[in-house]
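Below, subunit A partners subunit B and then partners subunit C, in two separate complexes.
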Partner chain A sequence: MSTKAKIGRYVRYILYGILFISVGGYGIYFVQHPNINDLNRFLINAILGLSIFITLNTGLLSLANAGFMALGAYTSAILVAKMGLPLFLSLPLAMLLCGLLGLLIGLPVLRLTDVYLAISTLGFGEVVRVLIVTTPDLTGGATGANLSTGFPFEKMRQTETWMLVLFLLVLIYLFYWLDRSKTGRALRAIRQNSSAAANMGINVVYYRNLAFVMSAAIAGGAGVFYAHQVGSLENGDFRFSRAVDILSYGVLGGTTHWFGPILGAGLLTVLPIFLREVVGTSLDVIRNFAQLPLIINGVALLLVVIFLPGGLFAPSRFKRTPPAINEAELKDLEPPIVAVDSNPPPGESGEPPPLLELREVTQVFGGITAVDNISFKIPPGIICGLIGPNGSGKTTLINLITGIYRPVKGRIFLRGQDITGQKSYIIARMGIARTFQNIRLFNDMTVLENVIVGHHARIKTNLLTTWLRLPRERQEEQLARRQALSLLKRLGLLSFAYQPASKLSYGDQRRVEIARALALNPALLLLDEPAAGMNEVESALLAEFILALKRQGYTVLVIEHHIDLIMQVSNEIIVLNFGKKIAQDVPVGVQQNPQVVEAYFGQE
Partner chain B sequence: MVDASLLTNPVYFLQNLVDGLARGAVYAVFALGFTLIFGVLDIVNLAHAATYMWCAFAGWVVMAVLNMPLVVGLLAAMLFGGLIAVILEFIAFRPLRQEGAERLAPMISSIGVSIIMVSLAEAQFSSQTKKFPSEVLDPKPLYLGGTDGVRVSWAQLLIVVVSIVLMVALGYLIRRTRTGKAIRAVAYSQRAARLLGINVNRVVVVTFFIGGVLAGAAGILVGLLTNNINPNIGADIELRGLAVVILGGLGNIEGAVVGGLCLGLVETFSIAYFDRGSDYKDAIAFLILFLILLIRPNGLFGRQEANRA
Partner chain C sequence: MNEGRFSPRFSFLVFLSLVSMTLLAACGDNTATTAITAAGSAATAGSAATTAAGSAATTAAAGSATTAAAAGNLSGEIKVGALVTLTGNNSPFGIAIKNGYDLAVSEINESKFLGGATIKLVALDDKGDKQEGISVMSKLLDQEKVVSVLGPTLSSTALAADPLAQKAGVPVLATSNTANGITQMGDFIFRNSLPEAGVIPGTIAAVKAKLNPKKAAIMFESTNEFTKSAADVFKAELEKNSIQITGTEAYSKGDADFRTQLNKLKAASPDILIVSGLIGEAVPIVQQAREVGFTQPIIGGNGFNTPTIYKDGKEAAEGIIVGSAWFLGSTNPKSQAFVAAFKKKFNTDPDQFAAQAYDGAYLMATAIKNAGAANSKAIRDALAQIKNYEGVLGTFSFDANRDPVHQPVTVIVKGGKFELFQ
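Let's turn to the complex of A and B:
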């Protein structure tokens, strides 16, 4: 165990210790001085915790939830106290408004790198407060929403504990099933590696927006209950420090399981009350040190992020005793093969169009031409090797084909269809799957789950089927699971199905990547150094496997430094040097090509 | 919305130009530290504003409590900022600089440190405002063009001079020195820099030190300008700093300077020429930030493409 993990264990003990002492101590106090407001406040914070959880679980850092909470609170206060709507009607309206606003903010920002969301949400809370202060007729302005500004107290105190419990239970139900659905898997995949997720056909921007909108709506809902719990509102209730509180519920409590943020909310709600009301009554030092809870919060945040990245409550996602696999059940489930189209549309000359065609593709990075005017065609059903010295542009070429980069010049066609500059997830769905030179598996998932992610685009379920538990949901999931298992069987990985992907050997991880890519059912498979880190035996098996893929109708483009492997499997080899194509020929031809020899061994 | 008589008053216009430039210069100095650390390390250091706030207090202690002269106060605040930033690097950022750490973790740890710093300041100085004694900086302003002309306070003059010196010094450091070369190398690729024999950790410490010095300078200058130092001044500038950094392009040094001046001018002029400008002034930074993200996410002067999701 690493030093960090060891310290992390102690951090967990200490935090649980603080949690139990403060909850226990406060519990004793509570029995003597029952205060339902404290309980309600905890429940509201727990809801807020879940609102931040959904973004953290997607790998997004949002500081907007104090703003959405304010928006929900004021919306409901106005609807209920001024316009006479019942509370339960104002709740969905406020949530809808927050969700829509979340979409408005998320749409432009979430297509950018993740830091932009954090930065822009930091400002959002401020804007909401400016909005509140500058509309006194509607919101009570700087004075606040209270009796003097037309918010009668009796209409503003309607939050009951049972409502909060009910709301929280509904959220837990939704989160529980979400985690077990296609959507939940996609969100976790995005958190772990967004570019790999995109290359598996997951629309990253859509799912990020989905998570952000859900988060906004839930925070708005919490705001509704908050307004009717406190009875009056002030813009100061929703300062930046509130956003930090909400974030802390999630980060401290845990970002991988819905129970984490509830625990975090419990810790951070009870601790200040415990210090003030229980410890503070006998210890003046503590009572006079009002900042102590905040300082503890800050220190805990720091320690957890460094030593306990999953948070306080982070149960392993991996089962100790994996379910038995019924191999017989997988027999008739050889996954559908996209064979070569038997009746391809004829091209201009009557020839079938090539599967992949690059026309004068060029890519420049900071003045360096990484890919220089490259054109080639790959007919369907062949294995094409792509070789060249280090830095000759091989991986860049794959990144261009899969839409990670957009070429500065040139066009790329798949089956005659222009895919230049198309988004990665669409290219993946159109039939191009890939593996990565530096392995990009989803490490917090089992081998099986990794492969199921590859099925993403084909699983026809949605949030409605998930939450209504429609029969289709289970059928689709089971089908995907069985297909994934049979794929694993074909690659000899069945015994690893329920193991964490990160625990496998290098060579096995590469094969899992291939299985995941095959799960997309691609017409073209791009393998980026599949034999790296494999020994002779493994590499020979891989060659067999690649040849088997060809027999099944797949077209494969493979980058590899093991020349033996390339020569053995390829029908055709493309050679790159300094970003230029210097040869495209059958293996023997390439071996005898003086330019290729020169590129590899230098001039004689 | 706009008072017509003000529109045609050239002195009023010039006055706001001066005020706006002084305000913008401070934003620029603050944002420079932000953008430098982001440019080199890809980290948004959300404790930058807390560093700034503590430096304002440090300068206040040196000048108002220890009665030291202005120059000593300035240098002390800047040095203090550098020290805090280096400590931050060791406790909040270095432990997270490794393979597999989540990209957003440094941001969260910097929020944690920021909470601690602000709470400690509140505990130490209480929330009430600290002011400088009048010996530090003559409160009587200079008049350009007679007493009806444009007022320039000594603090504003000091800000403009110090900002220009710092910007020039930073530009020289980054472009012309060995250290600057190493910083640029690390910014380009930590791995490549390490392979070339550059001590990456040392370069990072130096970068943080410079960032902290800039935060310190901004803190003490704003303190002198507004003569109002309290534990919450960091919150006021944080969003503005980020808006400036986005406006100029994340990691872009020249962009931060121009962006800072732009924001200072826009804020000052909207307060001056619009009826309720001061109510909305806190929203201006956000609006700029959001508009830029909407139409030019690489910033006004950005060259690199912002990584797409």
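Let's turn to the complex of A and C:
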């Protein structure tokens, strides 16, 4: 255990201690002096925490929530106070509007990630505030929405604790089941590695937008309750500091489990109140030291960010005692291998088309031709090696085939079908799976879950089946699980099924990554340096593994520098040099090709 | 890392404690709300019957002969609440205000202003936040059971928190709220802080009397509701005083170059330049006006009402005329005594907010004295009756809408400080 982890452990103990004392202490005080406003504030903040959770859990650092909260608050205020709608009708309308706007903004903005996304979403929050100020007839402008601008507080102040509790419970229900569904798995996969997720057939753009829209709608809902709690609004209620507050509920509480942000909101809301009420009345020093809660919050946040990157509440997703695996029920569940297609559609000349064909594919990066006019065909059922010196364009070629790049020239065909420039997730669904040069497993998942991610496109459930708990949901999930176990069994990885992917040895991780790719049921498997970093023994085992894949009918394109391995497994080898194909031949032919010897093997 | 994580059982416990708190509160909610509603409706029901009698009594009490007798009935400690912003961006205002309250209350208690009774000021920090404001307001009302409330510091907090006091029938006296709609919240809400619209007529009248300008130019920030509406009030007052407006130019918050607008306005050769803006842009506007050759007097809105204008504006600020509710150099003896006492206690000069707070606390004490009872309703009625109170702000009265009526001052920057414009 590293020093950092040790300190993190104590930080967690201390913060839980503080939380326990504040919540417990304030709870006792609350029974004697109930102040419903404080409780409502916590509940609203908890809802805001869930709104930031759904984006953080998808790996999106969005600061738009304050803006959506403002939008929800003002929409409901206008609907209720000016148009006479009841609160329970204004809530779904405001949430719907926020969701729609979330979609509209998400489509362009979610192409950005990390700090760029944070800045642009922050910009959105400011735009909302400017909009409020510049539409005084509708919103009360800079004066605010209060009785002087047509928002009488008798009509405004309608938020009741039971509404907040009910809303929060509904959200918890939705999040609880979301986490256990195909959608939740996809969101987590995107957070851990979005490019790997795309190559597993997950439509990353769709899921990012989904998370953003849900976040917007929830923040809008919180805004509705906020508006009807405080009874008057100003654009200043939703400035930058609000966005930061909301973010800190997630960061402090935890971003991997829905309970985290509720806990974070609890700590950041209750602690200052606890200090004010319980400690403040007995200790004049603290009462006068008004900044103390801010300092405590700041220090807590800092400690958590440094020592507990997952947040305060980050329960292990891995069960201590994995469920027993009934090997008998795994029989006959192996997904059919599409690679051995007995009746392939006829090509132009009447012959069956090759599995993969590249025609004059060229890719240029800033004046450097990384892939230069390359054409080749790979027939089904073979193992094809792809070799060449470093920088000769091998990985670029794989990135072109899997849709990460779009070639500047040339076309790529899968089973005679043009896939040039298709999106990664579509190419993955059409039957091309890959592994990465640097392992990109989903480390917060078990080996089994990693493989189930590969079933994503085949699981026909959606949010509706998830939240309505339709029988199909359970059936599909169980089928996927059994099929994934069956695949692991076939590959001899069954004993790892319930282990965290990150805990496996390097060689085993490589094999799991291949298993995950195979879960897509691919026609073609692309392996990018599978033996990198392996010793002789591991590399020999891998060769066996690849040969076993071939016997099971898979078509494989493998990039490798371990020349022994390539020679051992390949039926055919393609050699690249400076982006050009210099040879395509059987292993012996390549070994004797003078051009290849000069470029790659070196002259003796 | 796994060893560091708490068991699910522990997490469940935390969750359980939160849930139980929620449930407890949900039960508490009903009782609390009903209590307030009951008290509120009782107060409203009673008000019709007692208003006539109450006002008669207070009118009598206002007479100096009976005042001492009324105060003599008071005894013990009377709790007066205060909502002040002590944390956050607006804490400088809140701290000045709290100092004003503290000074007044300690004087009131030392001088036995209320006879045998003393005021206990329960000042709570509202953090300039509405939700916190609502929480601490209900704490003052439900737990501290204060007879009346001073504050809150910010209008936005007032608009959220004051309705609770109105509902509970507890009078609130705002000493720094200038936004629209404050006293409209109900008959228990008062303020002694003049909104800008209340200051401008006096400023223009004074300028008209002393300088007799014929033509005026206006420059204002269009991105701020307060500066915009102040510009409208300026226009109306100029028209009332038959001063011709030769040009109006707008600018936005954060602008740095105002020479284009200033040159345009200068071309019509007005006798005065009126600027309705915030201090951030006020200083560069004044400097650039002098730079492009604007030698005429400049009249500033409320944004100019701060020492920053002459500290940063230097020579360019000389001759700027500003209207204000109060100013440090006032020759009013009450004001001079206040300035001296404040300086002695806090070792710094008071500002307008401290002055209004100090006067506000005295107004509240006067109302308690006149009411002759630590009764919120009676205090409200006594507050509403206050006429011609001689305080730091001058001769002060509440109008029928519980808004302040007093003569604002007009000051001019001379020799790097504000002086009375006369």
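Following the convention adopted for this analysis, the second predicted complex is superposed on the first by the 553 of 604 C-alpha atoms of A that agree within 3 Å, B and C clash if a C-alpha of one lies under 4 Å from a C-alpha of the other, contacts with A are read in each partner's own complex, and residues count from 1 in each chain.
Note that in this section contacts are C-beta pairs under 8 Å (C-beta built on N, C-alpha and C of every residue); 3 or more make two chains touch, one makes a residue touch a chain.
Predicted model, so just to flag it, every value in this text is computed and none were measured.
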{"item": "Touching partner for A:Arg157 - first (subunit B), second (subunit C), both, neither", "value": "second"}
{"item": "First (subunit B), second (subunit C), both or neither touched by A:Val204", "value": "first"}
{"item": "First, second, both or neither for A:Asp114, with subunit B first and subunit C second", "value": "first"}
{"item": "Touched partner set for A:Gly24, first subunit B, second subunit C, both or neither", "value": "second"}
{"item": "Which of subunit B and subunit C A:Gly492 touches, first, second, both or neither", "value": "neither"}
{"item": "Which of subunit B and subunit C A:Gln291 touches, first, second, both or neither", "value": "both"}
{"item": "Partner chain(s) touched by A:Val133 [first = subunit B, second = subunit C, both, neither]", "value": "both"}
{"item": "Which of subunit B and subunit C A:Ala5 touches, first, second, both or neither", "value": "second"}
{"item": "Overlap of the subunit B and subunit C footprints on subunit A, listed as residue numbers", "value": "133, 290-291, 294"}
{"item": "Subunit C to subunit A touching residues, read off their complex", "value": "1-6, 8, 10-11, 14-15, 17-18, 20-22, 24-26, 28-29, 31-33, 86-87, 91, 124-125, 127, 130-131, 134-136, 138-139, 142-143, 156, 159-160, 163, 179-181, 184-185, 223-226"}
{"item": "Subunit A-facing residues of subunit B, complex", "value": "42, 44, 91-92, 95-96, 100-105, 107-109, 111-116, 118-120, 122-123, 235, 238-239, 242-243, 246, 250, 276, 279-280, 282-283, 285-287, 289-290, 293-294, 297, 306-309"}
{"item": "Touching residues on subunit A, where the partner in the complex is subunit C", "value": "1, 5-6, 8-9, 12, 16, 19-20, 23-24, 26-27, 30-31, 33-39, 41, 43-44, 133, 136, 141-144, 146-149, 153, 157, 160-162, 165, 226, 229-232, 234, 236-237, 259, 262-263, 266, 273, 276-277, 290-291, 294, 313-316"}
{"item": "In the complex, subunit A residues that touch subunit B", "value": "4, 59-61, 105, 108-116, 118-120, 122-124, 126-127, 129-131, 133-134, 194, 198, 204-205, 208, 239-240, 244, 247, 251, 289-291, 294-295, 297-302, 305-306, 309, 443"}
